[in-house]
Amino acid sequence: MLSYILSRLVALALSLVVASLVIFVMIEMVPGDPASFMLGLNAAPDTVAALRAELGLGGSPPERYLRWIGGMLQGDFGTSYTYRTPVAELVTARLAVSLPLAVMALLLSTLIAIPVGLYAASRRGGPGDWSVMGLTQLGIAVPNFWFAMILVVIFAIQLRWFSAGGFPGWDQGVWPSLKALTLPAVALALPQASILARVMRSSVLEVLGQDYIRTARAKGLSRRRTLTDHALRNALIPVLTIIGLQFSFLIAGAIIIENVFFLPGLGRLVFQGITQRDLIVVESVVMLLVFAVILVNFLVDIAYGFADPRLRRR
Amino acid sequence: MRPRLPVTLVAGLALTALFAAAALLSLVWTPHAVDVLNIAARLQPPGGDHLLGTDHFGRDMLSMLMVGARTSIAVAIVAVGIGMALGVPLGLLAAANHGGVVDDLVMRGNDLVFAFPALVIAILITAVFGPSAFNAILAIGIFNTPVFARVTRGGALSVWTQDFILAARVSGKGAARISLEHILPNIASLLIVQGTIQFSLGILAEAGLSYVGLGAQPPLPSWGRMLADSQTMISFAPHLAVLPGLAIIATVLGLNLTGDGLRDHLDPRLRRPS
Amino acid sequence: MTMRRLEIDRLNVQIGDVHPVRDVSLAIEPGQIFGIAGESGSGKSMTALAVMGLLPGGAARTGAARLDGQDLFALDEAAMCGVRGQRIGMIFQEPMTALNPVRTIGSQVAETLIIHQGMSRADAAEIAATKLDRVGLAAGRVGLDRYPHELSGGQRQRVMIAQAIALQPALLIADEPTTALDVTTQAGILDLMSGLVEEGDMSLMLITHDLAVLAGLSSAIAVMKGGWIVESGATETLFRSHRHAYTGRLLAASGHAPARPAVRPAATPLLDVENLHVGYQTGRPVLFGKGAMTEAVRGVSLAIGAGESVGLVGESGCGKSTLARTILGLQAARSGSIRLGDDAVTGGAMPARVRAGMQIVFQDPYGSFNPRHRVARLVAEPFHLIEDAPVGAARDKAVAEALEAVGMAASDAGKYIHEFSGGQRQRIAIARALVIRPKLIILDEAVSALDVSIRAQILDLLAALRDSHGLTYLFISHDLGVVGAITDRVMVMKDGVIVEQGPVADVLERPDHPYTRELVAARPQIPPEWTARDDR
Amino acid sequence: MTTLFTRPAWAALAAAAAMNASVALAAQTSITVGMQLEPPNLDPTGGAAAAIDEVVYANVFEGLTRYQADGSVAPALAKSWVISDDGLVYTFSLHGGVTFHDGSAMDAEDVKFSLDRARAEESTNAQKRLFTGIASVDVVDPLTVKITLSNPDGGFITNLAWGDAVIVAPESIEAAKTAPVGTGPFTFSRWVQGDRVELARNPDYWGRPVALETATFKFISDPTAAFAAMMAGDIDAFPNYPAPETLPQFEADPRFRVIVGSTEGETILSTNNKADHLSDVRIRQAIAHAIDRQAIIDGAMFGYGTPIGTHFAPHHPDYVDLTSGSAHDPARARALLKEAGAENLTLSLKLPPPAYARRGGEIIAAQLREVGIGTEIENLEWAQWLEQVFRGKDYDLTIVSHTEPMDIGIYANPDYYFQYDSAAFQGMIGDLKLATDPAERTRLMKAAQRKVAGDYVNGFLFQLARTGVSNAKISGLWENAPTQANDLTGVSWSD
């Protein structure tokens, strides 16, 4: 197991190096100069040049790459061109929104999906199964930004139960913040829950077809007990992978939802960064996200080892 | 005795066919022209001369939806095509080289692409090359590639363990030839099912990209942009935002049902006599 | 009238339009071992599942099954849960998959005790340990905290037995309990089960396709075919009289040996393997690195003369398949040499001409054909090896000839493989091997997956083809009996080494090596005198 | 939709809650103002973004002079001033007792520092040109500053009213990007980046105290979200409201007041005068005649906007209505194209993000198609637009609103992105710069208007309207936008 983890770590490091190169090259290709963007229509060329110097945009590409990587290794992600604050601070502030949002959405989707998937599997072919399958198909087909829009119209504009968006900040109290994240989390969770419920269902069905389920029944376990004591844990293994993938998607993939609800999250930071050519932010945040995903996948791999004893020894 | 077609497959095919037909029809005929604006006739509710009403420029919604179907379907199909064209050979290669360096490289590359936040990269691509349907296709296609590579490799690996592959090797056939002659036909149904699912995801992705303004550019109608353009009017002209939304849902639903139905229908496990 | 342990009365099972079980009635006495024999699809497993109330969804049953006088079919599901595991234990064919992979064996055995007796975990674990000890898994050697994947197939089957007998059930149903096991392991399991029956008051319903297994074990047998019981009675009587023709055919087929041509001694060996070592990688390699190597073949030397039929016997994992692949040039050797005639077999990119000298027939008649191709294309595939292979009509003719040679019709060339039965597929596989007239055909467990009656026909075909086409066979099998039936000479392989070789009669009757002796002894056999009067 | 509570019941509940609140608080003293764009920083002297001024102008920072709601310029930190007869020397007397938010006093040294900093070589002030005419800034005494110009400049007092000319202190300016310190009636309290900026009343303000205790600027870029936030009551006022199509709804709702005013934004179809074909005035004229301004105002702005026929704000006294010279006349347009031999023309139309450009672009594309001109629309982000269009001049047509006041002078720069190079026009602007006689200035400005209209330099579309929405109980918000600002000094809640 140890050598397995070590070898995975080496692969992880190599992936990160490749990823950083890809990101750097892509960012280098993005046209548009941050300085002239910041100074607007009537700026004189010498003013732009002065600002470029101030932002530290000089140097050859390899030089800049090494400076960027070197900085990141020391925890220095650079300074945002537009905000003029350290990127690390910006990211931390934004994560305070994105991370809870992702966790909420994931919790919501998992809490819905696992029982629903289990229920559908246990009622295979019955009306309960059919309606779950139909609803989840619908859930997958609904674009989440559209769903978000409908949620806003109903719950913010018509009923006024929630505000239409925005985020008060955790220092304004936990409850208002959670409330502000509720609608976005629901919008994000719907398609995820649908996918997860279907994975759960087919995973349970797959497991229910296994010989050891028949063994358990032959031992005298009731259907329900067989499901909970034998099927569930085995069925959760593929579900775990999907949850891992979804989490990384939720952290970065919420850009559109963050826009609909004008939440100051990580996704919108990147989006803004791109449109405002705050490329240092984009570069560093994308790198962080990639790192997070690779790390999550790595951890899921390790978690497998605990969920499935067959994988513990390699 | 061929098994009966699953209900989901029939429903899915019917929905898909409806939108595909609308898209094809729009090539030769639409109820009204979509490139002529008539500001005076804008925001008409459904009914009357314009069956589904008009948009904020006075264009006929039905015609817009038909041409929009064409855009969405074309973008998704080409993107899936790119994903298949790149992913399937990579997957075959990796499977043929199972456990080797090439396999490792392909799989690591896959993981790497998966690790990138897709939407962010799509936005970057359009920042580099400008927003257009073509670049939307490119972005969606790139992220389809590892999906197909992974599915192909998985399917191919299980075919590789079959005895008939050994028989082919005994007959002196090389890995490339075996991949084409034996592996590919046997994972075709898998790829068709995955292709259908990616197709529906492609429709959603195109809608999402157009929604943020990175997909097809005006005057070419696109469902996502129709949604984005009209959502501020949802409270006084709800049909503008609701109709494209429903079109997206129905198409994606149709494709997903088709994919699911095909999976049930083509599942080789159901074929085997037991 | 004494109470029967289990009495099945006119059991019928129906799934849609299919009737897998028809009017089955039988009775099992306390302490009796009762055998149910039949080929695949005969309805024997369905009978057992009907008794357990574990038929697949959509299946309907009628009739009655009385356990110690109590009609099980009248019980509701909750009551049946109390019967299963407590009064009836059951074990299945596939020990590899019948245990939950994510739970320890101890907890799985203890589970039976916990659910039926409401025992505490600790108490249950203690009893589980004694039960595992009883089935030969002493706690000192195999801990309760082991997971199924850490155990061998035989050990897993013992765990299955331990959990089935944990509550000393009145009836143990064993559905093909040893079919997936090696013959030496099988003997141990059979011993264990008969021992358990003798110890207690337990009855055993033993379901198998192998009449020989029942010969030494059960006191009564029912033979099933197509859902019906075609014949039943006391074991010896049944073997001796077999009033029903089907039973007779089954018996004849299971001991069938085709007429063997005289051995023609060859001056030079066709196949000459010398001091061959083959290894393969285990464990995932670190990126760009190497994983651990395992030696599967460790210094094998053998020679096969032209026209000879040589058997290679060994249990699973002994290296016989690796050896076959290496001989075929599909896998590279680490050291040693293989020569086919005058050519060296090197593996990798070796000349097509050398490959054309060898063909293979596989075990699984379902997996050995590409289901997307027609038979003509499947059979013609080896032509790829021949430079001036026939094309067009000439190729069709060659395919037709090959098909006819194996007893198929030339018109079958246009069909897809799923249209054929297992036996027919195996004939097509032989046609494929034959079509380019190779010098050597390797038969890798070629008849192991077939029912006995089909197996006999294929063995006859192989013998006939050897005669008519002058073929050389390397016949690989785990089954000494089958090897003995068709080969002239046999080699016994264990742990990558050939431990004994010699003429069939010598090895089978006077085994030299302890392992061979064990192998021969473990083989279940029908006493020859029982079938002596058989004139077919 | 069925719910336990019907809509009116909820409205009643909400109203009851609001009444309770008003009873408890007497009058509300906080306001949440919506803005579409977040400022990149909060230093108006170090960035071009209008969003900076929209937060801090007149609220946090003040200059010597300031714009008022009607567009006139009034004294601010300068109590009064004297202009020398040659128009070169301005002597300002400052208000006494003015302190910065950090407690330090504002005096003539700070004025000198601020202006010298803005015009310095390494200055990153986005409107550096405002200060290029200054020859020297001298401190006479702590409350008197003397500014000497190199040439007389009739617009100098107005220049000093710009947000880029506010008075800052040397001690605090380094941190101003994230923690601005000015002399205004509001102090900066915090900035939740990506979400909002909060201001609080300055208890030590030198001038008339403001009614509001606190003010929050919330950044909502998405028009739909802006609509939802307004409707949901999350936002009290959205002075530059980005979804004009929804204004009728607000008008119909007694909870809201819709404010429609004018801006300094001439929205034009900018034309690359050096591009192939477009250097031909006949083709430019054809384009002008192809355009139906009212259709664009209706279609893109839902009726909000005033047609213009030249590059000048209609509310300016010197404005000349020249729209008839480029009236909608497709037949004429086709004839001109035929005459110019350009009947199969395809032009690029590069559009920046605002709705007026994106929607207007689609309409213009359709109108041009009608006279036989094809267009290739490309939607660009601002950064790309600046790079490709504004600096690279790689475009045929684009739509943009020029929001600086009195900016017809840009046509005198042949390197400006229109690439309009007319010696005659450049002469007029040169004369205008030197002219101090009001009648002469009026004559020159009218001539300049006629010149750019007659040369069909660009397609002149409409003057951008300022459409705002606020809670009906709020008063004192600016109606027009003489400069980009959300001056909250006069804002209060009624009842």
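The first chain written gets the first letter, and so on, giving A, B, C and D; residue counts start at 1 in each chain.
Definition applied: contacts are C-beta pairs under 8 Å (C-beta built on N, C-alpha and C of every residue); 3 or more make two chains touch, one makes a residue touch a chain.
No experiment lies behind these values; they were computed from the predicted model shown.
The set of chains touching subunit A and also touching subunit B is given as C, D. The chain pair A-D and the chain pair A-C differ in C-beta contact count, and the higher one is A-D.
Subunit A and subunit D have Cα centroids lying 38 Å from one another. A straight line joining the Cα centres of subunit A and subunit C is 50 Å long.
With centres defined as mean CA coordinates, subunit D is found 86 Å away from subunit C. A straight line joining the Cα centres of subunit B and subunit D is 44 Å long.
The set of subunit A residues touching two or more other chains comprises 11, 14, 31-32, 149, 153, 157, 259, 274-275.
Looking at subunit D, residues 224, 231, 353, 381, 384 sit in touch with two or more other chains.
Across the assembly, subunit C contributes residues 284, 287 that each touch 2 or more other chains. Pairwise chain contacts present here: A-B, A-C, A-D, B-C, B-D [touch as defined]. Interface residues of subunit A, counted against subunit B in their complex, comprise 11, 14-15, 18-19, 22, 26-27, 29-32, 137-138, 140-143, 145-146, 149, 153, 157, 245, 248-249, 252-253, 255-256, 259, 267, 270-271, 274-275, 282, 286, 289-290, 293-294, 297. Note for the complex: subunit B touches subunit A at residues 108, 111-112, 114-121, 123-124, 127-128, 200, 204, 207-208, 211-212, 224, 227, 231, 234-235, 241, 245, 248-250, 252-253, 256-257, 260.
Per the touch definition, subunit A reaches subunit C in the complex via residues 3-4, 6-7, 10-11, 14, 124, 210-212, 214-223, 225, 229-230, 233-234, 307-310, 314. The part of subunit B that touches subunit C in the complex is made up of residues 99, 101, 104, 108, 162-164, 166-173, 181-182, 185-186, 188, 268, 271-273. Those residues of subunit C that touch subunit B in the complex are listed here as 281, 284-285, 287-288, 325, 328, 330, 352, 355-356, 358-360, 362-364, 366-373, 378, 381-385, 418, 429, 432.
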